[in-house]
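After this come two complexes, each holding subunit A, first together with subunit B and then together with subunit C.
Entry: the complex of A and B
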């Protein structure tokens, strides 16, 4: 393997010191002179007609500077997928969930803004509240959106191969059902924003977002501004995991009120508002019918899925496709049929969350595969290995596994967990389980149809040659993209990470679709690598003119120029540099011509050196409807083994050990890869064992706090044995592909399979609370 | 009616006039401009606002500023000595214990507070001490490892 200086290391994150000292600024930490505070009126009812909105009293309250409703905001529809633009900034005709935005106020302080909100009087006519799929789909149910009678927000029917024909060859055919629960993102930083509209008509929005690009476009469209007049900046973001990937009404309201008042407007979500806004993981109701030959060959799958979508579409159109397409791998599956239905209900809108659309499908199906392995009397690892895809395989739905270290992952966790010594040999109440999964390494297409580049990058060298400024609109949200992109720039340019200053998360820095679909390393990484190579080429060309050495005979690495065919006399250049920097103490010295000297020569002869890179995926597979969701330039994959203890007296599950292997193509930063793996497992553990957003009969969130909605604590997570697999992805920068989302895939089913191994019951509804597991064990005893 | 209180924050004494309903988090952030203390929930569930109050880690969102009158407070801004990081900060940086960083200030204050009382905690004691500080990014492992490594480094 090629030796690298900066990548494939454990360098600390570029933002770690700022975050460890409290210096890192998040959106809520920003303020501006003369700033107003905004607050929103959100619906207390889940479904009602709006008869009248009276803002008179709110406007009269001293300190109030602006009150806006749909009359001021307009009726422009927006959302995520243009085919399903079904949101408005503020409701005009009716409200569709508890939390739906009706009005906003800007005032001199937050208390005044909130008091004004309480003075807005809305007359409602209550409508039937549809809180679940059954009632929303019932004959004669009221339409939550007029254009969607029957409340089906989206419907997908796909068949690859021939499911019915394939079943005829099968010896075992099983049908099982599975459901998860609506999850919350649970990121620690509630959404926040600060909008400033200046006297020249330029709007700047600082926001806690995963995608400055999508927010910029949405705001420009909704407020009728040219895209070029809208700048969106992302300060440090305290986690996203999906729900922050689309624009929210608060961001647009802040911009609108800043435009109207000419003053900066700051707005924050409370933790309760985070739950109301949601846009997190859907509840999925899956039914899987799987056919397998008696030798263990998986032949066919029919997956039917109903998604409880909530009141609007958000990312749901992608979700419904992913809930089908993400079972196409990592096992050879020649026949796959999928029927999906996403249903509108009067609850907060669901959207994307880590492992978008595929987590519940993966959990349910991997559990069913485990059941089938048991029926075949095959070891679950052997059964999976028998069906495993390999590098170069193409799925029935046309996903090209251009690299796939799946077998290595599975063998890694088998050996790493000492599977053979444990499977079937643990005492009663203790169990071990395995599962696999895969995920896209960036969505192959933007969320709006476009020929746009997915990521651009610009590198500008400082005039003294000593600094490398990297500009990218990518979104560091905690996953570490600033560090990864800085490392890629440093490696490709031949300097150290300390020389690179990463400037990211700003639409002024270019186009980047943002942090979702596990895309930053591969896609932004490509753009950054290109920009660095472009920069290096320019520096070497300038040097070539001075030294008479051809560009091809030079390189830059480790901060110095490499002369492949003998070192020329560069003393003239060194003297020049030293003369220009009289008084400086750190003059270049030694036998090598430094990057700094070379870059200075390039500036003197050519002006500011700017390198550019721009990436979009090449031709991707799939010509069928929906192929845009799931096709990707590369796929990450993973396997996991979990060991549990079940207390048979109480049904309590303790996770004793986790062994996880992930194929990330090539680890740009090994510490970060492990961090993504461990964090994914933690989120999966939470969804498996505790997490469930609950509602009362009127559609109000019953547990809208981090006390009552429980995410894992330090006492719930075991240490994870992490195994990094590197398959050298041909479509990835330096061979790298994703880890951030894919790593969550095997967690839930590995836990479920371990629970089965421990106590012999299959749980097909999450979360596996003590009560649910205890009841299932009792039920089994009765039989 | 505002009340004049005295807070000694990171060894600096401040006199602040505060309304009785303002929390310590709000006063630290808004009046003293110490923005390193984060607010993740405002009701004592997440631990992001943890500060050390008279030697004990507390959720500053659950403390009224007037209740803290006369007390000594340490926030994340007071953990490092100038440019030199505290060993816990050092190991958080080096060992990958930080991702989004929003829980980090509170986590570091809980950790330093633990190590002052118990310089050589077991893994379970570390996990127990940090169990009131939620982290959604890391799965806690690298945080626990960083605290244990800091404990080893502080031995010398």
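Entry: the complex of A and C
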């Protein structure tokens, strides 16, 4: 492998100092002179007609500066996918879930704004509340959206190969069911925003978001402003995991009220509002019928899935496709049939969350594969290895595995966990399980149909040559993209990471679709690499004119100019630089011409040096309907082995150890790759054992707090052994691809398979609480 | 957003000053210790005291001291001080164990033993252990002081015999008889930040290492409106020779003594099963400790 100076290292994150000291400012920390505080009225009912909204008393309250409802906001429909724009900023005709937005108030302080909200009087006519798929699909059920009778928000039917024909060749055919539970994003920073509409009609919104670009477009469209007049800025963000990947009503309300009052408006979600806004993981009801030959060859899968979508579509159109398409790999599967139904219910809207659409499918199917391996009397690792895809394989749904270190991952966790010494040899109550998975490395298409670049990047060198400013609209949300993109820029330009100042998360810095679908490293990374190479070319061209050395005979690396065919006399340039900096103490010296000197020459001869990069994926596979969801320039993959202890008298599961291998193509920052692996495992562990958003009979969230909605604590995490696999992705910058989401795929099924190994019980409903497992063991004993 | 309502805040420097203040406030004042429960409830609007009286400057309430082989713990001692105290660990390890189960390390740094008692939450972690230890609490008022047994302290979820003008000042645990052992087990979902699904504390005293049970206490938590004695289990254990069969019988009786409900943390049936499991486990541990003790510790 090529030697690098900056990438493939363990450099500290560029935001480490700011975050460790508390210096990092998040949106809630922002404040402006004359700022108003906003608050929203959200529906207390899950389904009701709005008969009248009376804001008189709220408007009269001293300190209130604005009260807005649909009358002020208008009736423009928006959402995530243009095919399903089904939301309005404020409800006009009816409310569809507890939390649906009805009005907003801006006042001189938050207390006043909240009091004013409580003074808004709404007359409702209650409608039947549909809280689950069965009641929403029942004959004669009221339509939550008039245009969608039967409450089917989306339906997908796909068949690749021929499922029925393939079954005829199979010796084992199994049907199993699996369901997860609705999750909450559980990010530590609730959504927050600050809007400022200035005297020249320019709107700036600071917001805790995963995508400044999508928020910018949505706000411009809903408020009827030119995109160029709307700037969206993302300060530091404390996690997103999917739910912050699209605009929310609060952001639009803040912009609207700032525009109307001419004053900055700040709004914040409480933790309860985070649960009400949701847009997190759906509940999926899967049924898998899988056919396998007796030699262990996987032949066919029919996957049926019902998704409980909640009141609106959000990312759901993508979710329903992913719930099918993400089983196309990493095993050779020639025949795959999928039927998906996303159903509207009177609950908060579900959307995207880490491992978008594929996590429950993966969990259920990998558990079924384990059952099949047992029926075949095959070791689960061997069974998986036998069916494993390799680099260059194309799935039946036309995903090109342009790099796939799946076998290396599986062998890595097998050896790293000492599988052979443990599988089948552990005492009762102790178990070991394995699973695999894969994920896209960036959605192949934007969420709206467009030929747009997915990422642009600009590098501007400071005129003294001392600094490299990188501008990108990508979103650092805690995952580390600022560090990764800074490292890519530094490596490609030939300087150190300390020389690079990363300016990100601002629509003024370019176009970037944002932090979702694990796209920042590959897509923004490409744009940044191109910008750095463009910058380097310009510097070398300027230098070439001065030194008479052809550009091809020079390079920049490690902060100095490399002369491949002997060093020319550059003393004139050095003297020039030193004369310009009389009195400075850090004058360039030594035998090498520094980047600083070269960049200074470039400025003096050419003006400001600006390098540009822009990336969009090349031609991708799949011509069938829905191919836009799941096709990606590259795919990451992973395998995990989990070891558990089950307390048979209580049902309590303790995760003793996890071994995780992930193929990230090439690790730009090894520590960051491991961080994403560990974070994925933690989220998967939570979904497997603890997490479930619960509702009462009226559709109110029963556990809208981090006290009663249980994400894993640090004490619940076992020690994790991480194994980084690097398969050198041809479509990735420096060979890099995703790690942020794919790493969650094997976690849940590996836990489930380990539990089975420990106590012989298969659990097909998450979370595996001690109560659920205890009941299952009790049930088994009865038989 | 949940906003803290406006309130006055006082930091009296002595107990008499605090008691006079509370008396003057006539029920509009509330004592704040760690605030881990109170401030949350004030944000939710379920309690609205006009004035909070903090006891953090009253040094006397922050002491742990030995007393005739027993223990006296000031009400303002934090849970982490109890969990980490050598004195507690060596005299009443079950108390240290229950303290280490409360909330999370961060909450334990703020929450106090007094607060964990007076909030009278059915799933509170310290009361079960304190009940098996026979703890008494000292209640001081402006004009009268009294000491009540913790057994008679709780009257329901969130309610107790303490009056608004009284302050719980210390917890007194009597010296244990020889050959005594105890245990506390809390069953929750996560390793921290949990409210018990079921918790059980048991204590056994033997007349001699291989003798019969002369005192038995079994406290069940989260399966009734307050922590309760498993009366029939305790009765069945008295005078008997310890054995796994006896503990299994006692555990089944304890299930009958419990009256769990189904709520967001767990189902009634599962809770009954867990009473069975945890009573057996705590009795076994209590017995092993009692037998191994040369006497004196619990």
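In the analysis below, the second predicted complex is superposed on the first by the 783 of 783 C-alpha atoms of A that agree within 3 Å, B and C clash if a C-alpha of one lies under 4 Å from a C-alpha of the other, contacts with A are read in each partner's own complex, and residues count from 1 in each chain.
Operating definition for what follows: a contact is a pair of C-beta atoms (placed from the backbone, for glycine too) under 8 Å apart; a residue touches a chain by one contact, two chains touch by 3 or more.
On a predicted model such as this, the values are computed, not experimentally measured, just so you know.
Once the two complexes are laid over each other on the shared chain, residue contacts for A:188 go to subunit B alone; subunit C is not touched. In the superposed model, A:239 makes contact with subunit B only, not with subunit C.
When both complexes are overlaid on chain A, the residue A:649 reaches subunit C alone and has no touch with subunit B. Touch criterion not met for A:348: it reaches neither subunit B nor subunit C. By the touch criterion defined above, A:477 reaches subunit B but does not reach subunit C.
By the touch criterion defined above, A:114 lies against subunit C but remains apart from subunit B after alignment on the C-alpha atoms of chain A. Of the two partner chains placed around the shared chain by superposition, subunit C is the only one that A:702 touches, whereas subunit B remains out of contact.
Once the two complexes are overlaid on the shared chain, A:681 sits against subunit B while remaining clear of subunit C. After overlaying the two complexes on the shared chain, residue contacts for A:22 are found with subunit B alone; subunit C is out of touch. The larger set of touched subunit A residues comes from B, when the choice is between subunit B and subunit C.
In the superposition on chain A, the residues of subunit A contacting both subunit B and subunit C are 270, 707, 712-713, 715.
Listed in rising order, the residues of subunit A touching subunit C in the complex are 39, 110-111, 114, 268, 270, 649-650, 652, 689-690, 694, 702-703, 707-708, 710, 712-713, 715-716, 769-771, 774-775, 778. The part of subunit A that touches subunit B in the complex is made up of residues 10, 12-13, 15-26, 28-29, 185-190, 236-239, 241, 270-271, 477-480, 671-672, 674-675, 678-683, 705-707, 711-715, 717, 719-720.
Residues 29, 34-46, 48, 75-77, 79-80, 85, 89, 92-96, 98-105, 108, 126-128, 130-144 of subunit B touch subunit A in their complex. Partner subunit A is touched in their complex by these residues of subunit C: 1-3, 104, 187, 189-193, 195, 197, 264, 266-267, 270, 273-274, 277-278, 281.
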